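What follows is one structure encoded as structure tokens, with my remarks underneath.
Chains: A, B, C, D, E and F, in written order; residue numbering restarts at 1 for each.
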Amino acid sequence: MIKYQPADSQVSPRFCGVRTFMRLPHVRTVENIDFAVIGVPFDTGASLKVGARFGPEAIRSSSIILKPYNMFLDVNIFERCSGVDYGDLPVVPGYIEDSNKVIAESLSPLVDKGVIPILLGGDHSITLPELRAVVKANGPVALIHFDSHTDTLDKYFGRSYNHGTPFRRAVEENLLDVNHSIQIGLRGQQYQPGDLQESKRLGFETMTSEDVHAAGPAKVIERIHKRVQDTKAFVTFDIDFVDPAYAPGTGTPEVGGFTSAETLRIVRGLKGLNMVGFDVVEVLPAYDPSQITALLAANIAYEFISLIALSKK
Amino acid sequence: MIKYQPADSQVSPRFCGVRTFMRLPHVRTVENIDFAVIGVPFDTGASLKVGARFGPEAIRSSSIILKPYNMFLDVNIFERCSGVDYGDLPVVPGYIEDSNKVIAESLSPLVDKGVIPILLGGDHSITLPELRAVVKANGPVALIHFDSHTDTLDKYFGRSYNHGTPFRRAVEENLLDVNHSIQIGLRGQQYQPGDLQESKRLGFETMTSEDVHAAGPAKVIERIHKRVQDTKAFVTFDIDFVDPAYAPGTGTPEVGGFTSAETLRIVRGLKGLNMVGFDVVEVLPAYDPSQITALLAANIAYEFISLIALSKK
Amino acid sequence: MIKYQPADSQVSPRFCGVRTFMRLPHVRTVENIDFAVIGVPFDTGASLKVGARFGPEAIRSSSIILKPYNMFLDVNIFERCSGVDYGDLPVVPGYIEDSNKVIAESLSPLVDKGVIPILLGGDHSITLPELRAVVKANGPVALIHFDSHTDTLDKYFGRSYNHGTPFRRAVEENLLDVNHSIQIGLRGQQYQPGDLQESKRLGFETMTSEDVHAAGPAKVIERIHKRVQDTKAFVTFDIDFVDPAYAPGTGTPEVGGFTSAETLRIVRGLKGLNMVGFDVVEVLPAYDPSQITALLAANIAYEFISLIALSKK
Amino acid sequence: MIKYQPADSQVSPRFCGVRTFMRLPHVRTVENIDFAVIGVPFDTGASLKVGARFGPEAIRSSSIILKPYNMFLDVNIFERCSGVDYGDLPVVPGYIEDSNKVIAESLSPLVDKGVIPILLGGDHSITLPELRAVVKANGPVALIHFDSHTDTLDKYFGRSYNHGTPFRRAVEENLLDVNHSIQIGLRGQQYQPGDLQESKRLGFETMTSEDVHAAGPAKVIERIHKRVQDTKAFVTFDIDFVDPAYAPGTGTPEVGGFTSAETLRIVRGLKGLNMVGFDVVEVLPAYDPSQITALLAANIAYEFISLIALSKK
Amino acid sequence: MIKYQPADSQVSPRFCGVRTFMRLPHVRTVENIDFAVIGVPFDTGASLKVGARFGPEAIRSSSIILKPYNMFLDVNIFERCSGVDYGDLPVVPGYIEDSNKVIAESLSPLVDKGVIPILLGGDHSITLPELRAVVKANGPVALIHFDSHTDTLDKYFGRSYNHGTPFRRAVEENLLDVNHSIQIGLRGQQYQPGDLQESKRLGFETMTSEDVHAAGPAKVIERIHKRVQDTKAFVTFDIDFVDPAYAPGTGTPEVGGFTSAETLRIVRGLKGLNMVGFDVVEVLPAYDPSQITALLAANIAYEFISLIALSKK
Amino acid sequence: MIKYQPADSQVSPRFCGVRTFMRLPHVRTVENIDFAVIGVPFDTGASLKVGARFGPEAIRSSSIILKPYNMFLDVNIFERCSGVDYGDLPVVPGYIEDSNKVIAESLSPLVDKGVIPILLGGDHSITLPELRAVVKANGPVALIHFDSHTDTLDKYFGRSYNHGTPFRRAVEENLLDVNHSIQIGLRGQQYQPGDLQESKRLGFETMTSEDVHAAGPAKVIERIHKRVQDTKAFVTFDIDFVDPAYAPGTGTPEVGGFTSAETLRIVRGLKGLNMVGFDVVEVLPAYDPSQITALLAANIAYEFISLIALSKK
């Protein structure tokens, strides 16, 4: 029985009403839903520009344009799925480790029930507690990681927890099936030659931005499928994967990235994988005057939901 | 029994969660509430800059800073009141008269039950249907009208309905107890000398911006009380009453206006009057890059709620 | 005899003077001109973000950079053409059907005289009255329609006229030679699978964004020529055809679009077709802080004029 | 015979058409007019932020809100006056002294005919050539100078001509009846104690911002009248007279300034003086995201026109 | 021997060179200086909007306009003083208590040498470690606290350290001579009636915004002097003391505040007190598109330096 | 002995401290350095939008994200090089020819010592005096010129010196080995067909934007190498080479340009050439609200430094 779906924009225009993701009902339930869109307004882990705590609000605001039928994946989401805007997880601003704990704890009831979460960040430090909750319910997962940075530093400013370190911690905590994990879009400068090697040493497959540009979307998709196979996977999408022209509103933008068309093509190419969770992170509305970053993030979350719908037939 | 009150910001930080006014629960109820905050995202009536349809979203976004205790009126709102964010009234974008109808119809269930509405515009054309609903429930009301414009034109672009005409229509429709009504803050240029006279001819008392500057807040308050007395009153606040320095995000800004401190002092001075409805209109977020206009509008709505609370002892 | 051409920027710098398109003389004439640039500052038909009424002003402002020689089409416009900035057509803000009437009526004197109009929107609802005037003078036309949306809904919010419906109305009113018409760049989500089919059912050829990305500019041009042949054609260009990175200032942006280079290459490829009118619509300056959307729209209009010049040898 | 007046905004909405000041006809005439509004888009004289070359465009854009009747001065402008938007004077960007020459030369035909100019800057260096033209026609004038800076430096960066020096040059060139001249609103820091003394030494009466705050508008007006008496006067208004909250879009903003209401009251107080020319300068649209600076400048120009109208009975 | 002073703007224009405060030399010295301007780019303590870590950069950028002679205090700073831009103190982003420690430790060498610090925030949590260093060198100090908030909460989100609690902690740590301390400008809403009482209970004298508006600058100055007397004092200035119209770029703006003119008059009124340290905090450049907040903060810091200079004769 | 390198961002976060390029020490030395980053804050030569005088500040601000290891060129810069932020060259705002002189004179001590300059503009007129200094030290150089404009006009507004003419002047002054010089990315409109021919007539090889799009980065690189060979070369990069989507903050943006990925690939392809100087010009922060233009310019300068490092093994 499909229960929750968006408000009808032919009846109440899409700019009407309290802003929820895609105009879904805002219900804090784990029953009768296949997926839940959830904000994680936390940005204490950011190393440069800050403000991702307002990311969920901005993504919701831009998501009002989304409609149920995805023509490129040919799926009418709400014929196959039910989902809600679950609201935001609580956080403790200014306190990373405390927040990590409360994020994992408040996400667990959903993933334990088999609800697939689509999480809206927040800075990338939130993916660590997300993975803790997801892995507690599912066992270790393959990571499909879109980003211009590896986020596998050991320490940053001498501290173990922030948005530069989550995936090293995740490996150390045995949260990842790292042999099926892949990092895509890496670029920007490094502190030293070994930085990128570290990701490989930890077990990740890596593709730099130039690798991706050279391969093109179709081959990138192929490589992801080859790597992940039928492992349960978690998709984490740092919006700085995309070029700053397409996503100016982010905290550590890196030039030389991808277009929105390339990005969507790759995300749609995840079709067929066994995905148990998703996030899109590092949207900073204060640097996004035309709201195009938030719009793209909303579309990426929409493709995630479409992928869930496709898997539900 | 007080039922609805804001989320506790000591528990979930104020930037957490789907944005409702003052973090009130979003419930579409008429039971157990004294007041309801309601968006009216309509801007087809605007004659110059447009975008007030996004006013309710912006005011809600800025309202998360509000807390229950008003120290200047010495009232703890939710000790005396219950209220909700009712969401937005439906509108028909592009069609003024149809929208007028649906606004009045969807507001009536609330006011008929005695719930006091605080409406967030939208352009000033929405006040006409609001008055229709309020007057149906309460009989004709005194209008306390803060604005830099009279909005009593007969026609604009040859049409009877838009944001330049609502109060002439209201007089013609016998919605106003015009002998107890007052327009405050009038300025800007006129088409001809008679324009301001028209308001007087229709029966309004008027104060230009220079009258207000000369009198000062205390005398303005006195004059309002003298005019309105114990008549049931509706307060309509066009944000362009305030100077563009304090409220840049509006559609027809007029220089030579008031500070936020003066404004709040006057609004608090409405204390003791018998007010049955309120609106604050003409907030255009696209022209409000630092969100100070929306913040001021949220504070004005907050003072309205405080006035309701004061009357509920 | 060529009469009207731009001011000389070597004499008076291009930032001097009242802003007209390309610094052309602002003359309300139908004599001695081949083309006229005309604003249509109407946005009551918009379903999401509003403000296209300021589109003509912004496009004119950005157009001051344009110079007479188009090196990619190898044509010196004013060696072959005379043209003016005709100013804006009158509209009735807030009233779509009345505006449709006045737009068509005020455009007719120009097109009846054989002047080719380049119209600057305004929201996309204006193309319906434009077509009424153009078709009255020329008979039904092929539509070459660049857009991320089909704009062939039957009703939106239960109403027949707004920016989501003009091309269904145009078909119903027999304004289009639909068998030679084509819609290019379609993307975004649909309400239901059939939405795109509707365009096809009405007779349009359609290319989605992914079709265009797969084909590349050269094949897209070929397909347009094959479809349109020597039919009299009207070119309508919704700026949301372009990706939001290149055109953030629009009302219903859709990610996954095209670059400015691809766009210009396709527009230049219209060379040789028999075009009797052009518009570029949906520019919203309030969301265009760096004015790049208006600049691109000005360049598209410039290419339109170049195409006219090429046809005038 | 009154000939030129604004377009009727009841017929064509005020956002329609090529932007001229107050929607006046754009005619390059010296006949049948009492006043002309003229842009001087020059900013090579600026010492800090630049971009005043776009000031005239922005002021025109904001001026569309102005209507003929000034209720505070009780004058219906076009019952008494005729005026046009004359367009912009030519300038040589990057070359101050050449520009000074061409500005004076192109202004002379107007002032020689007795037309009163309202000039829209441009940086403050333009007032020197304006004065040269005005004085050639009228003889030396009293200067009524609103500004946070004296602009009476001898040299800036070792050069004699830029926006820090015009009034010392004017004194040296005997353009001013300095004994009837006054500088009002002075503040900001000085290089050394003597800077302000220099203005006094040159003969100006001066009022610092604190003098003005202490005196209040009424006394300031009195002091101006006492100083200027019936001397022919030129009014130059640097928008940085106003506080940055009210006029953020300027090149060398100084905190501690005035409100728009105080400003307008003082400007209206010039009523009765014998004014032969006006300018308002230093509007930088790139720093004016909500366009409130340009709006205030447009209103100041409007008050200037009203003063001319009042003198024409 | 006076050693350090600003670059000469007559020689190299003020927009030339690496940005230091007031174009002072950037030297990390404690010798031969009376004061040091020091950034503290920390914002992990912020409860709502974030980004004060970029405050020091923005204030330095705006400070290039400052010149040595303060005409309202009649003091030529560098005739009496020597000072440098010391650069920024190190911080640990994301870790408040660690940062508190490093801030205090790195400030101590300066204050221990008797250098008077002017600290540029950063969020208000930084004042606690500043006070620790200052008090270690000077003994307990009177606090002269300009703010719209008391910042004397016990806990926020259940945590003891953030920008809502520093002054309760300071009292508990015996850093303040609370009987000579005063909080000025308090407004905004409270969680409950007792919140403001808490400040009084802790020993502070308090003035709400309405108290200040009623008293006027002169009486406020008098009251501060009466309270502080000749106690060693630390001045902490939260930019949200000022109204959002004058200081939009801050994290928790509160309407109903003060103008820049009132603010400067009060700050200059501190003349004669025995001040051993200063800060100005909570400037968020991402919300300050016209940079007027940073400019005002730079001017406040300039007045602080002037007060130091005055005390050095 | 390598002496100067950036601050360690693991110790002091990258948003700490006075902003220098890449956090390099700000030292005005010519000793012990291989390269110097130097601002040239001059914009009097600009023909349309102005404000490049703030370009160096913005590029420095964005450069804090850069780290020492360039993974795409596989070089760890400071293992091979020493470099400083030299600060800005002095200029005379408002006076082009005087500025040209002082720029050349103040650059000479560096290039005479063999230090390779990376100059941050400023408008493109600055490249002429840069070349004068560089050629005085090195003899005539090949020009590798990335730009959408040829900048080889004879006169602009009747004047010989501004940002439209530097390379014609450079040819006339025999500063260029024009037979090894190339202009890449040319587009936009021309005044007349011959404009582009002029560059060829002067001896430059030219590639229009469409030539570059057709060839692709690899072939463009090949063509540059073929043209330049082992001649000493100067690289001048006008940021308007890039498309406005990627570089909105520039003075004369031209649509139809390149992505950041294409741009970086071409710049990296300069590897192996004998380059003696570099600049990146025409960054206008006032039109760059998300700072992506400045970020890209900082990255281009970084690639320049990497190329120097590569040549130093």
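The rule is simple: a contact is a pair of C-beta atoms (placed from the backbone, for glycine too) under 8 Å apart; a residue touches a chain by one contact, two chains touch by 3 or more.
What you see is a predicted model, and the numbers here were worked out from it, not measured in a lab.
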item	value
Given chain A and chain F, the chains that contact each of them	C, E
Pair joined by the larger number of C-beta contacts - C-F, B-C	C-F
Euclidean distance of C-alpha centroids - chain B vs chain D, Å	38
Chain centre separation (chain C, chain E; CA means) in Å	55
Junction residues of chain B - those touching two or more other chains	11, 13, 15, 47, 53-54, 92-93, 157-158, 243, 245, 259, 287, 289
Category of the chain touch graph - line, ring, star, complete, other	other
Touching chain combinations (by label order)	A-B, A-C, A-E, A-F, B-C, B-D, B-E, C-D, C-F, D-E, D-F, E-F
Chain F to chain C touching residues, read off their complex	47-48, 155-158, 187-193, 195-196, 208-210, 213, 243-246, 248-249, 252-259, 287-289
Touch list for chain F against partner chain A, complex	9-11, 13-15, 64-72, 74, 76, 243, 245-246, 259-261, 264-265, 289-292, 295-296, 299, 302
Chain D residues touching chain C - in the complex, by the definition given at the top	11-13, 15-20, 26, 39, 41, 53-54, 57, 60-61, 85, 87-93, 289
Touching residues on chain E, where the partner in the complex is chain A	43-47, 49-51, 53-54, 92-96, 98, 157-159, 161-162, 286-287
